[in-house]
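Lettered A, B and C in written order, each chain numbered from 1.
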Amino acid sequence: MHPESFRYTKEHEWVLVEGDTGTIGITDHAQQELGDIVYVDLPKVGAHVERGKSLGSVESVKAVSDIYAPVSGEITATNQALADKPETLNSDPHGAGWLVKIRLSTPAEAAGLLTAADYQAYIGAEK
Amino acid sequence: MITKVRPHLSQNEALLVERSSPGKRAYQLPELDVPPVEAAEALGAENVRAEIEGFPEVSEVEAIRHFTRLSTWNYAIDYGMYPLGSCTMKYNPRINELVARIEGLAWAHPYQPEALSQGSMEVMARLETALAEIAGMDAVTLQPAAGAHGELTGILLIRALLEKRGNPRRKILIPDSAHGTNPASAAIAGYAVENVKSCAKGVLDLGALEATVNQDVAALMVTNPNTLGVFEENIIRAADILHAKGAMLYMDGANMNALVGIARPGDFGVDVLHLNLHKTFSTPHGGGGPGAGPVAVRKPFEPFLPVPRLRRAGKKWTFDYKRKHSIGRVRAYYGNFGVLVRALAYILAHGGPGLRNATVDAVLNAVYIRKKLEPYFDLPYPSPNMHEVVFSDERQAKRGVRTGDIAKRLIDYGFHPYTVSFPLIVHGALMIEPTETESKLELDQFIEAMISIAREAEENPEIFKGAPYGTRTSRVDEVAAARKPVLRWKPA
Amino acid sequence: MRYLPKSDSERRAMLEACGIESPEELFAHLPREARLERPLDLAPGISEYEIVDFFRQRAAENANGYASFLGAGAYRHYRPVLVDTVVSRGEFLTAYTPYQAEISQGTLTHIFEFQTMMCQLTGMDVANASMYDGSTAVPEAAMMAARTTGRGRVLAARSVHPEYREVLATYARYQGMPLDDFGYAADAGAIDLEDLDRKLDDPTAAVIIQSPNFFGIVEPVKAAAEIAHRRGALLIVVFTEAVSLGILEPPVDADIVAGELQSFAISPSYGGPYAGVIATKEKFLRQMPGRLVGQTTDSRGNRAFCLTLSTREQHIRREKATSNICTNQALIALMATVFMTVYGKRGLRELAEQNLAKAHYLAGKLKPRFCGRFFNEFVVRVEGRSPDEANRALLKKKIMGGLPLWRFYPELGDSMLLCATEMSRRADMDAVAEVLA
C-alpha cells in the first residue's frame, strides 16, 4: 500500500512534501525488489541535490541501486538509524525507513511527480 | 538419483588463534654465527614493538592438522568438474608444479645479473613467442598479474597509441554481456564507458555499432566467443567499422579455450587482447589466484608496451629499459614468472597439434551438454555454441525455482555450481563450461544430475529452499555478513 | 594425450549423440575468413621427462649455488617445508574462488585467518584478502585515499621502492592524479620532513612513505603522520620486507598500509607471483579494494565464512567499483599464512632478531652510508672502484653482491644496497667485507 499523501517517481522514490520541506524514501515496491538491504549510503547534511540526480545508494548483498532525488534542494537531516539497522528499510520503508529530509529549492517540482494512484498503476503495468 | 557423492566424516577445526597456546612452537632457527644485537640499541627503543598480540603459537603437528582439516572442506578440480562458464576450470597438470619449483628458477632474484638469468629470460621469450603464435599477434608482454590487470594494460596501450596520433578520445564501448572487469578497467584507464546492446541473436549488433562509433570512441571491448559461448560472426565487419573511424578492437581473451588452434584473434581484426593463463593455459586457481594476464598486440602497439622488454643482444637475452614511448610499468619486476613457467610447461606438453585437439574436445563437451539438457532447460539463444552454453531458469522459475536454487541443489549431487545469473542479458542464467579435461563419465553424471534436478523442480520445488543438505556447512547468511561485517578474529 | 580423458570411441559416441559426423562440424559455423587454415607453428607435445629436462636446463642457465646479498623488495628467507606441503594439497591448489561458501570453507577460513594476522602485524583494523603484489597495492591505496578524501594529488617519498613509484606513476597518469615526490635526508637516509611539509598542500589526498624504506632505513612514521594529518591528507605506509614487522613497531599512525608479503615463504621466483595486502582503519572499510572474507553463520547456526561487502567490487559495481581486481593471490597468501603459523608469535620475533644481527654484523665491517637506523638492508659507498666492478670480483667467489644504485639514484651511483638475512653465512659476509672495504 502506497500512502496517498506521498508523491512518487518512476525510479521508486517517494517524497512527502510539507510546505517547503520534504521527507524522501524508497517505496515498498522498491524494497521488495531489492531484497534484504545491507547498507545505505546517504549524502551529508548540507549537501545540495538536484532532481533526477543520484543522492546516494542502497545495497543488497548482490546489487547496488542509486537513489534519485525526486526534488531539488538542501539536505537538512539523514536517517542515522539506518546505519545500524538497514533492515528498517525493508520492514518500514514508508515510515521509520525514511532516508533524508530536504528543504526544497523549487517547490513547484513536486507537482510533476506521480500520485499514489499513478504510481500504483505504473508498477502494475511494469509487471 | 545422487550417484556421485555420499556423506562422510568431517573434522571440526577451530581457528588457529583458538588452538594457540603460549610457548608452543613449530619452528627452530639455527644458532646465530654472528653476535646477537640488542634491538632497542640498533633500532631505537621507540621503534621496537611489543609482542604481536593475538598471534598464534602452535606446534608443527597442530599446524599440519589445521590446514589439512581445512582443506577437506573444499571442493576442487582434483575432486570433480567445475562447470563454471568462462572460468575454464581445466585440470592443473602436476608436472607444472614440479618445474616451477626447480631451484635455479624458484630462487632467481629479479635483480640478479642478466648473465646469470638467461634461463628465466629464455623461458619468458619462448612463452612470448608461443602466445603470439596462438593469438596471431606480433608482440606480447608478460607483465600483467591477472586478466583484469591485462585489460587495464591493454586499454592503456590503446590510449597511448591514440594519444600519439593526436587524440586519446573519451569513450570505450562495452557490450551489455561483458564481464564486470571490462568497464572497471576502462574506468581506471580514464575512459567513460558506454554500453552497446546485443542484437536478438545475442551477438554484436552491427547497426547499433555503426551508429555509435565516432571520433569520441577509443575502442570496443569484446569477448569472443561472447559470454553466451557464441562466436561473434560479425567480428571482422565490426573491426572494419571501428578501424574506419580510427578506433580499436580490444578482445577479452577469457574464452580463448574455444579458439586455440582454430581461429586467431589477430586474423579476425583484433588489435589488442589479453589472455588468462589461469584459464586457457591451466595454471591453478589456488582458491582465487595467482593468475597472469599477458597482453598480445599488433605491431603498431609494440613501442608502447610496458618496460622493460626482452631483447636479443648477440647470443644473449637482455632487458631493454630505453623505451621512451612505453606506457611505463604496470607492476614491479617482470611478471608472475612462476605462473609463466607453468603455462609454458602446459604448451610444451600439448604442442601445436595437441592444443588444437584440446580445443576440439572442449567444444565437443559443451555441445554434448547442450544437446542433452536442451529438452529440460530453456535455451534463450539458439545459435551454435562453442566451449560453453547458457541456459535460463525460465521453465523452472514457473515453479518458483531460480538459477541460484538449482545451483545450490547441484551441490548435493556432488558438483560445484555453474556460473549463476551471468551474463546479465539472460534472465536467470545458467552458464556452463565443462572444459576438455572432463571425461564422458563425469559429463554424463553432470547431465544426469541436472535432469534429476529439473524433475525435482517440477515435482518437489520446496526442496530447493534449504539446499544444499549434504554439505558440512549449510547455506550461509550473506545478509548478516554484509550488515555487520566481522572481518577478523578478535579475542573475547 | 594424458590430460584428455576421452577415448576415441567415447568421442564417436558423443558426436553421434549430437547428430554430428566429424569434429570439424563443430566449427563449420565460423566465418571462413576468421579460421586458421594451417596448424599452429609449435612443436608437437613432449613427455614429462622432456619437460622436466627442458626446465632443468633453463634452471642451470641461471645462478645456482651463489650466496646472495640482494634485497630491494625481494628477500631470501628460508621456506619452511610445511608451506609447500599445504599448498600442494589439491583442495587448495585446484580450488576456485570461494563464491560458493558451502563448499569452500577451507579457502574462506584460511583467508579469514590471513586477514586477522595481517591486522595483528600491521596494527590496522581490517585487511583484505590480498592484492597482486606490493607494487600494485600502492596505486590501489592511492586511489582509495583519493576516493576517501575527495582530493586528487599524491606525494610519494623518493625513498619508496623506485619500481613501486613507477607503477604508481602509470596508474596516476590516467587517473588524472597529480603525482609529486619529496626527498630524503642525505645523512640519515630517511625522509626529509621539511621537504614534505613544504610540498604538502590542500589538494593532497595522500602522503606515501615506505618503512623500512628502499635503503633499509626505518622512517619516522609518527612524524610523517602528524604533518600529513595537519593538512587533511592520509598517510599511506608501504612495507616490502614483511619480516621487519616481527620486531619493528607497526605503523599504527598510518591510515592505509600497503605491503608485500614475498618474505613470508614466497619464492623469489624471478619477480613473481608475489602477494600484496592492503590494511586500513575501520572507517575506510567501504573504500577498500580487493576481496574480503567475513564471519557469519549457516542455517544450522554454525560459524561459517563467506565473501562479503562484494558491492565494492567490479562484478557488481562495474565502472564504479573500488578497483577492477578480480583474481587476486589466494594461494600465495596461503603460503604466507602457513609461514606465519610455523613461526608464530615468538618465531617471527626471533627470525627478525637474527636478520638484525646478520645485517648489523656485515654493516659493522663496512661503513653504512646513512646514519639512520636500519633493519636488514643498508647502503654502502664502494671505495676505489665501481659497485659493478666490486660485484664482478664477488661473483668470482660465487657471491652475488648488493644492488648497485646507479640505475635508480644517480646521486648514489658510487653505492650499493646490501641485504643480509637469517640465511646469510658469516664466511660469505666476511668475504663481502674483504672485497668492499
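Definition applied: contacts are C-beta pairs under 8 Å (C-beta built on N, C-alpha and C of every residue); 3 or more make two chains touch, one makes a residue touch a chain.
The structure displayed is predicted, hence computed values, not measured ones.
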TODO: Looking only at C-beta pairs in contact, point me to the busier pair out of B-C and A-C.
DONE: B-C
Open item on the list: By mean C-alpha position, what chain is farthest away from subunit C?
Closed with: A
Task: Mean-CA-position distance for subunit B and subunit A (Å) - done: 39
Task: Chain centre separation in whole Å, for subunit C relative to subunit B (CA means) - done: 19
Task: Averaged-CA centre spacing for the pair subunit C and subunit A, given as whole angstrom - done: 44
Task: Two or more partner chains touched - positions in subunit A - done: 38-39, 59, 61
Task: subunit B residues counted as touching two or more neighbouring chains - done: 478, 482
TODO: Identify all positions of subunit C at which a residue touches two or more other chains, and write them in rising order.
DONE: 310-311, 316-317
- [ ] Spell out the part of subunit A that touches subunit B in their complex, as residue ranges.
- [x] 36, 38-39, 59, 61, 86-87
Task: subunit A-facing residues of subunit B, complex - done: 478-479, 482-483
TODO: Could you pull out which subunit A residues touch subunit C in their complex?
DONE: 38-39, 59, 61-64
Open item on the list: Residue numbers of subunit C touching subunit A in their complex, please.
Closed with: 286, 310-311, 316-317
